[in-house]
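Common to both upcoming complexes is chain A, partnered first by chain B, then by chain C.
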Partner chain A sequence: MKSPLQTIAPDVIMHPLKQPKPESAELSPEMKLVREALFKHVGKPIPRKEDGRLITGKGRFSDDFSLPGQTYAAIVRSPYPHARILGIDKSEALASEGVLLVLTGEDILADDIKPIPHNPVPSTNFDMKLRAKDGSHAFTGPHYLLPSDKARHVGEAVAIVVAETAAQAADGAEKVVIDWEELPYVTDTAKAAAPGAPTIWDEVPDNVFIDTTFGDKEGTDAAFARADHVVKAEFHIQRVTGVTMEPRSSLGSYDPETGRYTLYAGSGGAVRQKNELSKVLGIEPKDLRVLSFDVGGNFGTRNRVYVEFGLVLWASAKIGRPVKYTATRSESFLTDYQGRDLVTKVELAIRKDGKFLAMRADNLSNVGGRAVSLSPLSKGSGLITGSYDIPYATLRARAVFSNTMCTQAYRSSGRPEVTYAIERLVELAADQLGFDKLELRRMNLIPPSAMPYTNAVGSVYDSGEYEKNMDRALELSGWATFDARKAEAATRGKLLGRGFANYVESSIGTPKERAEIEIKDDGNIEVVIGTQPSGQGHETSFAQVVADMIQVPVEKVWIVLGDTDIVSVGGGSHSGRSMRHAGTVMAMASAGLLAEGRKRAAELLGSTADRIDFEGGVFKLRNSNRTIDIFELGRRTRESHGPLRVVKDNEMHTPVFPNGAAVCEVEIDRDTGHVQIVRYTTIDDVGRCINPLIVHGQTHGGIAQGVGQAMWELCAIDQNSGQPLAGSFMDYGLPRSDTMPSFKCEIAEVISPTNPLGIKAGGEGGTTPALATVVNAVVDALSEFGVKDIQMPVTPANVWRAMNSGRKAS
Partner chain B sequence: MYATTYHKPKTLSEAVSLYENSEEPSYLSGGHTLIPTLKSRLAAPQHLIDVRAIPELSGIEVTADKVIIGSATKHAVVAASREIKAAIPALSGLAGSIGDVQVRHMGTIGGSTANNDPAADYPAAVLALDAVVHTDRRAIPAGDYFQGLYTTALEPGEILARVEFKIPEIAGYAKFRNPASRYSMAAAFVARHRDGHIRVAITGAGNEGVFRWTEAEERLTENLSAEALEGLTIDPSLMMGDMHAPADYRAHLVAVMTRRAVQNLGGTHIL
Partner chain C sequence: MSRVTITVNSMPQTRDVEDRTLLVQFIREHLGLTGTHVGCDTTQCGACTIHLDGQAVKSCTVLAVAADGSEVTTIEGLADGGTLHPVQQAFHEHHGLQCGYCTPGMIMASVDMIRRHDGMLDEHTVRHELEGNLCRCTGYHNIVKAVLDAAEKHRAAHAVAPE
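The block that comes next holds the complex of A and B.
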């Protein structure tokens, strides 16, 4: 029997996929049209429309914008991990040349500037419900633009200095004198949750502000009691940061005549920025316009509001001039929202024949100085059992404050962490119990016949052919001919190793999206949408959907985004939601537009809408030679009926579960511990693929980001001072073109039943299994040294240490 | 960056005069150490004197027994020189292994040698190839030139003009790069000179910067082969240690890279 979802605050989830009904019942007439539409452009590898603009320097990134009379801000940051602010003396800074304004946490309180309403606890019906230990809503730590009590991490903004030039602002910032009282600090995840750790917030003396247990405890305990084997492990999926190519930047201005604020700031979605920043400033959302055009990398780091965005708006109103702030690379390393940092203890109960019976997990997420987002903990919680049929599971999910920068959803939020735990655990189980590691996986995989499948913590996987993915990945990777390659590598003093991992992830995301489509007189189609690309190619893939529906060339479709005066509703781009949400609502809006077009064409051609056909962008009166082109129709009926334009809202709550498998082959230099990835193969079931060229590109980037974490990346902190050690590219290692092999990637399209286009999500699947796949390969290569596990990143020094000790390196 | 005044003199004497008559001056070449330092506000010279436009600081000359490289010569130029590649392929390969393409088109041999960064490549070649460092006022043998981390025999205002390398009978360079910065984490330059003597210079690893590993030299004098180095180790207490490589790992890498330099005489081995 499947265990029911049991939480402290239970919500009964009536999952749509669990109540099957005839397909047609869900489809509006418009959606029928979508289903019937010829997929002419969809599925084709059309080159990206935006590339020409971007590679010729015509992108519009945040720092490219300047306004007349603009001033510049510099931020004074805490040099300590934990310190009370006893007083701030602005006088010397204010006397510094060119300085116009200095603001501190005291001014925030005096002006009644509100904390950023992050709402860190995910709240859709399909998110795991995270609560405080006593079941109450958790205290998450108010996030004021500047604190007035104390700094809770190195780099926390404590004052803003505005001056005529950027250099004068930097000079002024050095002259702000702060009287600090250093406090005991804790940065390590496990230590922050240990008894006696320094308290970050008085409201939560033990720092653990989320403590929720999910799953069927009784059933799990019983299964463990009757199990033949129990295998245990503990992993730390270490802290990393996004390292976006474009540092975050913001330009705020205030118009006293209209009382309106304007913010130029690249983000993951301008509408969220508008809504939350207007609350910070205590103004109506309509009085804040946010513009976000080209964005140079996001990966989750830009989804939430940064304090500097609010600070430039507030400061611009105070001095009556625009204020710009652009982070240096050092500031980005210190204070971009960071990712991962999960300590997980896992146990697997296994029957003699290898069948998985139950699982226990204890996950501890380090959120930093305050909670900005619990998405990683929540997303991961729903997927602890991975791609396997494990009937019972219990999960304790905790989140802890520490004296570090805040963490946020980062490239496939929460899923690489739990995928790492289950895929490493299965590998350890196979090794300890003498099973073949592939066969052990295979016998426990969820079969297609079990779909939709409810896992032991209540997530409903929509569709997927997991074993087929596994077989195809193994075949593509040349798994069967590995031994010959290993023997050859040995002749060169190299240790060859291979790693495999399955994965399943979830894509939920903000449920609402709106599309506006208008036929313009100049022969173009304009589409307004509320997602925010940062390199994903929306201008192309979105245009493909609309071009298909309206049956016009893709070049005629233009996507408009990023200006909240035009884009009124929009969930932004995160959680792999964009193509699924935007694609669906655009298809629906296109269908609505054609319905309106038929009506108008009928009037013009003196008939009724049911006698009008539409083909190749032309309306035609059936059984006649009377036709009208859609653009001509728009022009001819503009005066009488207004622009040929449709606005469509759509809400979709049901999550989808992209899935797949990855194989990695590494070559390790026996003398030095140097690791080179020589082969990397993936299969990704993304549901319907709109543009395989773009999906492959996204997958490649996703792989590099996951491999980067496994191999090099680490936000290291000196335990003796609390100081971050990786403050520049000198110490933060990233993947490079010459450290990556040429990837072999294939897309599997198992159409999702949850949305009309059948889309799941792409890109993040590159990241999700990568950590486990690489580490499995490295451990395999080192097997002759008795190595069973190794801490990420698998730097040469860590590998060398592991080879020498034959046990877990640190 | 703090405000500073930029100068670009056309002659050596003009550069020296500017230096002597300025408050808090600093010479600037490719800027790969100095500019990031300035941008981080960790240094505040009031005058930057760019030496790259001084003609006598540029150029390459290869004679029967010497390779002479002007101090403002960029790494990319050294790496692309056919004459240097024919005379000392290991030196050519070393230059081509520094940083990335952009770095090699800005960074200069003079900047690398004058700064004596413990992770820089050139100091290993200067020391192993028994070079002479020529300045605007004197000639300094390599053995006297390097004086510890970021410290050289250069006096305030003295300009490094050119480096004169002895062409060895054969030489090899092996480097293990820091996975983040790509600077050397341990690198060995091994040369057998025409008079038969061996020099082994180690960069990236020692806590005093570049140094000669005399024990390795002695063994290789007997027998110039990797086998001759079997069992030879170096004391970890002489090594730097950091988050990328603790001292014991660096000591291990020094031994491995020295063996690999010997195995790759006549070229380079870059990991």
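The block that comes next holds the complex of A and C.
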């Protein structure tokens, strides 16, 4: 079979797992360190170090910062989905009490403020290569802080008003008068790609700016031709939004004396913000300091630059005073980068004994008014065949502009979408062809003996025991005793249903990470790292790794992040990359630190480094009683050798493939169609688990976000006006404490061969199978009504309609 | 402008405020107590929950002038010096927080709930009564565990036998 990567990139990359291992390969110092590590802390459910400040009100979230002389910004937003800006009259706003400044798209051009360099096409060696139809690099739509031509979605920022107080800024924003010319609009994903749709960008008249086909088309066609059965389906994995509890906030200031800008803004990685915003402002990266301390949730929405971050910086230089902008919840609903929105058409070719032969998929991703990130389409593209051994597959991946807010990676970017497609398709196949749905899965699962396994679109799954996951999830969930529960529910007028889904996902992410580790004179160890937690507990789990490597108590290790004056390089936190990348580079830095320590200890103890042992944080001259503690060594050699400190860079491209299974039981009210989740069980192979308390917490939150999408969440848009209908917590269904069950979760640790610590990832596994698992359960509960499929979210209205029409509700 | 005096965490605080100032703005912006958070504009999320004269309320829906003469406790005033309140301790031990943004409101609501029920809580009641406090990180699993644990400790400390 021809490798799909080969057809796209002539200089094909040899996958490291597929390379023969050199016989004489010596263990690297960091691998040796990991092998010898006692793992006193790694693997333990240690409560988090960061909790102390967060439970006492001492967190440092973006809006908590204020600067002397601070002013406040309000944003004027487009009320139309698509409208040309014929003119903007600032005069009344400028005359409004307290208003200091009004800026528009014309000012952006006059000041030569550049578009945000989102670089939306994923480009690591192992990302699927997305291109325009003719194979060229795609036009992705420039993202100016304020547009000068037209607004492309409701809520698009078109002017900024700065005033003495937040209330005055809001008052002033109402007085900016804009002369609009309304244009035809399209918000629906499929309609945006249909012939004759209104054009969003003149450069791409048909709106479809990515159109790439992956896989072995001839092989797929041949397999379909000889198949006994073909099962087809079409799904829309609807638009949702991240809903971080902390609305996005930014505080910009400019110091004319040093010519430096400072930005306080929580994000998914301060280094990216610094690099991209300095390009927007046309300044050197060193002239922008970005601070991002406690971040109130991210889930992908904060990974990219927001226009308001650039606007407060630009405005602060113009008025010579700090400018703060904090979004209201309604602004967050309108203009936080949103998630999902994929239409997928899938077909599965099946032999009469149930063996899967081939798959075809046609995926269409709605990116909104411009492309901020194609991560969802790309990530999903590599995983269309899911956990199953399907020898041939062809995927057409397209992306389309529309008059909606931009989409971005959202919790498990792209993977829940394709997992939904394959796991729903398998259910439909079992139903249509009369197979047991679990047995059909089982006979097609990729066996451990096939690892590392290259799937039909070229992704190399590193490791995993898929059938074992499946067995364990079924056992934990009480699958075998379901009938008794169903009968009991029926006595109460409830329909009980159960759903199952397997999943495999990929964690790729920015390949570079840097760690700096220093032994401080005060008996602590300081670790500087460029990831950015927003609740994932890096300050604890990272400390556990370093504490084990350097053999000191975990309380002595302090993680420093979020200030670009200290953290110079860092990939940020996305795609489940942080623990794996940071863990690896911290292990490497620790090995380097101990090597330097041995050298210094040898000098002090009058010997050579190869005669120095290290144990329990103490260097010891072999066959003697002469020892020196690592902190003492740092103190004693600081003057002569400088601080005991190591900086290590690492670049790691090989992706990992976390995997697992989930089971859900739902109870549906016969009369109202109300769905209640009564049981939820997961098993997640996260590779080596550093802190099970934290990993379980990640799973719980991930489940809630996946379940939320299946059950309630939807960025609804009124088709007759293009207006978003979900603008507050009153009209967007977030999971609440009384609508969620307690979960039964177990971690499986199949160590990944791709990195020294054997880590996969633990942040997204809860979400990935949840959409399919819930919908499978709902369809199962409704089987007596002849329901075969149902559109998410499974609101009472959708369920009731399905029950009463006996076919797919829309 | 109006002059208001509110006792916050046992300290009387007098400020001149615009009449439209919300209690949460008074706490965050006038007093600089940023532990109380704002998560929405519609009294839905509960991130701003504080105790007003001993009862949990959402401080985004009370005008500062309406709280004139009242006693307010915020998350900063909950611990007893260096000793965490049992509910704070329970959230820490059970990993009942991730990003920590909803946490102050969750804790203030939970303290009030445990007090009102004298610690006689079960999972259903906790889930029902926390419905007005939104969390996006934890799926509520560990929050519920933390509240139940704190309630049990409250019962033990006050020698109330469970039903």
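Assume the second predicted complex is superposed on the first by the 793 of 810 C-alpha atoms of A that agree within 3 Å, B and C clash if a C-alpha of one lies under 4 Å from a C-alpha of the other, contacts with A are read in each partner's own complex, and residues count from 1 in each chain.
In this text, a contact is a pair of C-beta atoms (placed from the backbone, for glycine too) under 8 Å apart; a residue touches a chain by one contact, two chains touch by 3 or more.
It should be emphasised that the depicted structure is a prediction, and the values quoted were computed from it without experimental measurement.
By the document's definition of touching, both partners, chain B and chain C, reach A:Ser330. In the superposed model, A:Val243 lies in contact with chain C only, and not with chain B.
More chain A residues lie in contact with C than with the other chain of the pair chain B and chain C. Of the two partner chains placed around the shared chain by superposition, neither chain B nor chain C is touched by A:Asp649.
By the touch criterion defined above, A:Lys58 reaches chain C but does not reach chain B.
Contacts of A:Gln705 after superposition: chain C is touched, whereas chain B is not reached. Within the superposed three-chain model, A:Gly296 lies in touch with chain C and out of touch with chain B [touch as defined at top]. By the touch criterion defined above, A:Asp436 lies against neither chain B nor chain C after alignment on the C-alpha atoms of chain A. Of the two partner chains, chain B and chain C are each touched by A:Phe729. Judged by the touch definition given at the top, the superposed model places A:Glu97 against neither chain B nor chain C. Residues 167, 328, 330, 729-730, 734 of chain A touch chain B in one complex and chain C in the other. The residues of chain C lying in touch with chain A in their complex are 18, 20, 33-42, 44-45, 47, 74-76, 78-79, 84, 88, 91-93, 95, 97-104, 107, 123, 126-128, 130-131, 133-145.
Contacts from chain A toward chain B in the complex involve residues 167, 170-171, 174, 328, 330, 669, 671-672, 674, 711-712, 716, 725-726, 729-734, 795-797, 800-801.
Contact residues on chain B toward chain A in their complex (touch as defined above): 1-3, 39-41, 176, 179-181, 183, 243-246, 249, 252-253, 256, 271. Put simply, chain A touches chain C in their complex at residues 47-48, 50-59, 61, 63-64, 167, 242-247, 294-299, 328-330, 534-537, 693-694, 696-698, 700-705, 728-730, 734-738, 740, 742-743, 766.
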